Amino acid sequence: MVNRILDVRGVRKNYGAFEVLKGIDLDVEEGETFAIIGPNGAGKTTLFKVMTGEVGCNGGQVLFDGADVTRQPSFRRVRRGMGRTFQVARVFNEFSVFDNVLVAVEAQFAAAGVPSGPRHTVRPGSAAVDRTHELLDKLDLSARAGTPAQSLSHGDRKRLELAIALAGRPRILMLDEPTAGMSPSDRTAAADLIRRIRASERMTVVMTEHDMGVIFGLAHRIMVMNGGTRIACGTPDEIRRDPVVRSVYLGREAQDA
Amino acid sequence: MFALINGLSAGMAIFLVAAGLTLMFGVMRILNFAHGAFFMIGAYVAATLVGSGPHSIATLIGGAAVGGAAVGLLGLAVERVVFRRIQHVEEHFMLIATFAVMLICVGAVKLIWGLDFVSVDPPPGLDGAVSIGDLFVPQFSLFVIGAGVAVFLVLELFIHRLWMGKMIVSITADRWMANLLGLNVPVAVTLAVVASFALAGVAGGLLLPNQTLSPGLGDAYLLLGFNAVIIGGLGNVRGAFVAAILLGLIDSFNAVLLPQAPGIAVYVGMIGFLLLRPEGIFAGRRA
Amino acid sequence: MTRAARLAVPTAAVLLLVSLPLWANSGVVFLAGVTMTSAVFALSWNLLFGYTGLASFGSAGFFSIGAYVSAVLLREGYGSLFLLVVVLAGLVGAAVSWLVGCVALRRSKGIHLAILTLALAELLRITLSHTRWLGSEDGLPNIPRPTLPFGFVSVDLAAGNNYYWFLCAACGVLTAALWWIAHGRFGRVLRSIRQDPERAAFIGIDVHACRLGAFTLSGGFGAAVGALYAPWSQIVTPDLGSMMHSTQPILFTLIGGATSFWGPMIGAAAFAVIDFGTRTLVGMSEIVTGSILLAIVLFAPHGLAGAWRRLAGARVRPNPNGNTAAGGAIGRPAMREGAW
């Protein structure tokens, strides 16, 4: 029996009188890649925010690895093993690339109770430095370690953010439109990167995405949203064949797939 | 009962300061530290004009008006040189810029008028007390109450009845939208800012009597004005009016009930307000 | 800049300060002592502003708590335990600061926090000025400078310039402690919170707890330096907690530069020079300081230290566009996020 790592039950969310999520259910199994798609305004990003704890919800439950995290602030969910990236990559602009990852590594060490080196010196502990270099290597950022994050290119920023998320040793990686604003060739590279990380860390991935090529190339299962409800959920093949999905969504973009 | 009149009068004095402050916040999103300094400049200008013993109520009001006009002009300059340019800097830097303006004003006051205390007596007609029933009320208190209500009514009329005022309200609510609608935002903003400064000057002139003028005068009023503005909800003139009266009453009853610790209840009340209703008493209605 | 040049400036500054009583008159020495305490006070404030992105306008409250604790204990004759008194004052400041932070930081940021802290400090000031056993509005005068026992030798800080040198050493220790906090792991965490609190939460940082920690530390250090100040001026009054005093560290930090650890110190020194240079013309010091502050907000938000660093950086690494102000342009929005 596979472990159900993320379980969302009847989540509702409204902004004022406007109901953005009208009772969403979904479950993600450990190790799979789960994609959420839907037209603009379907509620994907809001659902994402509710799952990660960025905003609260007005009803329903979010269970992470069997524990109810509905009321938990985001930093607790992160400490339980939830890593995330933002639609527009958010990194610490005034830090160098190295410090960006270092501060995330140190936060994980502190939360996990790993000693982070001698206290009397201000230099970061060697374990944290090694781990930081390891992550920078993994994401091809070693050459940029000393660069201030604010002068990075778009693609490098995205990779840096992924490094920051991985520093938390997440069990589940939540990616909000990982290829947003990228050129087609960058998208392929980003998808390859996600695939590589997924394989090397055996990680569960939940993502929202607009690019159908990326989605159908990566996802094991796909959930389709429209107007704050779930209209379909299944394997890529099932989704392709689903008449409802075809009519509301793929009708327009099926050619891209 | 005496405390009530006293409280009302103190409240109106606070409102006179808070009105300009809240107007400024409404249009510029700037909490103006320099407001107290402009209040003080208004008071000094008026005091210079009317001397230490004004001849009549009219002289006092005239002095206040000239003080207001002078400070309004000064405000125009400050708006052009400083405020317009700090519109898009970070909030803390705005506060600090207005603080710098305040420092310059305080310095100028010290340079021009020196460090000596100046005091002005109430003019004839305001120096006595009238009896209402079995109660003696200082005429000056009534004058301040009257002035406060008058300023409030003028502002009310201006904001809610006149085209220019409505425009300012719309800018307060959503500057971007107001721009989109083709409203002449810069002119309206300038007008509101100048009005705000002029109000500070007028307040300084009106509250002149029974006051010792010193370069530190601005601070005490500024802080109480801040309190009223925050409790009333930032940018809300009506809220500031109610809050100022509330603060005046609290202070006045504090003086009666807890004479050994005057001035404490206002701050306790204010801190409570900030924590419980950080958005002000009329939360959600920013007008 | 070469390593030698980098070391030369601070070394010269330290030598200048320490040797001051040997060649300057007592007025200048007194001013230097006050400036040192203000500088450390400003550093403690900047831990909150420049590192964590929170602006307190009531920091003088903590300074005055420390000063009063020290004044009362010294007048009661606990002079021989003065080092403990300073630590105790710091702990009292930290405890009060923790209490205030618990309530204030949860709900208010930006302007609200500024006004709330301002009101709390004012409340403290008014309470002090009505407390008879603390001297009401006149404060506590005649605070004795203590004698410190070190084993067999005891140093009488009341004699000659001894207290001045003690002040140099004590401020040095506090500065070193603040430097250590700011540059270590905790400092890194605080800076990440200032840049983007939400992103910080998503790497597993408990933003609220860290802000509270910074607030507590800042209050503790403010009180400790207040405790050092009391026997230097030998009088404490409720005005130590006034709004004008609260705005001093803000002034120093902004003049010197908030994004640099040493900025507040440079600002305090610059301010002391301005104050001293204009002492004969009443009001001039405010005008000069105000103008400089205004110019800095309008043209150089990183302060003197930032301007210097940019100049130095421009020389080392010339930018093809000649756009050396890039740091300023991008740095500011990042601070804005931190403020909310």
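When the chains are written out, they are named A, B and C in that same order, and each has its own residue count from 1.
By our rule, contacts are C-beta pairs under 8 Å (C-beta built on N, C-alpha and C of every residue); 3 or more make two chains touch, one makes a residue touch a chain.
These figures come from a predicted structure and were not determined experimentally.
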Chain labels contacting chain B and also chain C: none
Chain whose mean Cα position lies farthest from chain A: B
Chain with minimal offset from the mean of all protein Cα atoms: C
Geometric centre distance via CA averages, chain C-chain B, whole Å: 32
Length of the line joining the C-alpha centres of chain A and chain C, rounded to whole Å: 41
Cα-centroid distance, chain A relative to chain B, in whole angstrom: 51
Junction residues of chain B - those touching two or more other chains: none
Touching residues on chain C, where the partner in the complex is chain A: 180, 183-185, 187-189, 191-192, 195-196, 198-199, 201-207, 259, 330-331, 334
Residues of chain B defined as touching chain C within the complex: 31, 82, 85-86, 89-93, 95-97, 99-112, 114-115, 215, 219, 223, 226-227, 230, 234, 260-264, 267-268, 270-271, 274-275, 278
Footprint of chain B on chain C - complex, ascending: 49, 55, 103-104, 107-108, 110-112, 114-116, 118-120, 122-123, 126-127, 130, 242-244, 247, 250-251, 254, 281-291, 293-294, 297-298, 301, 332-333, 335-336, 339
Residue ranges of chain A touching chain C (in the complex, touch as defined): 52, 54, 73-75, 78-79, 83-84, 86, 90-95, 99, 102-104, 106-108, 110-111, 116, 122, 124, 150, 164-165, 167-168
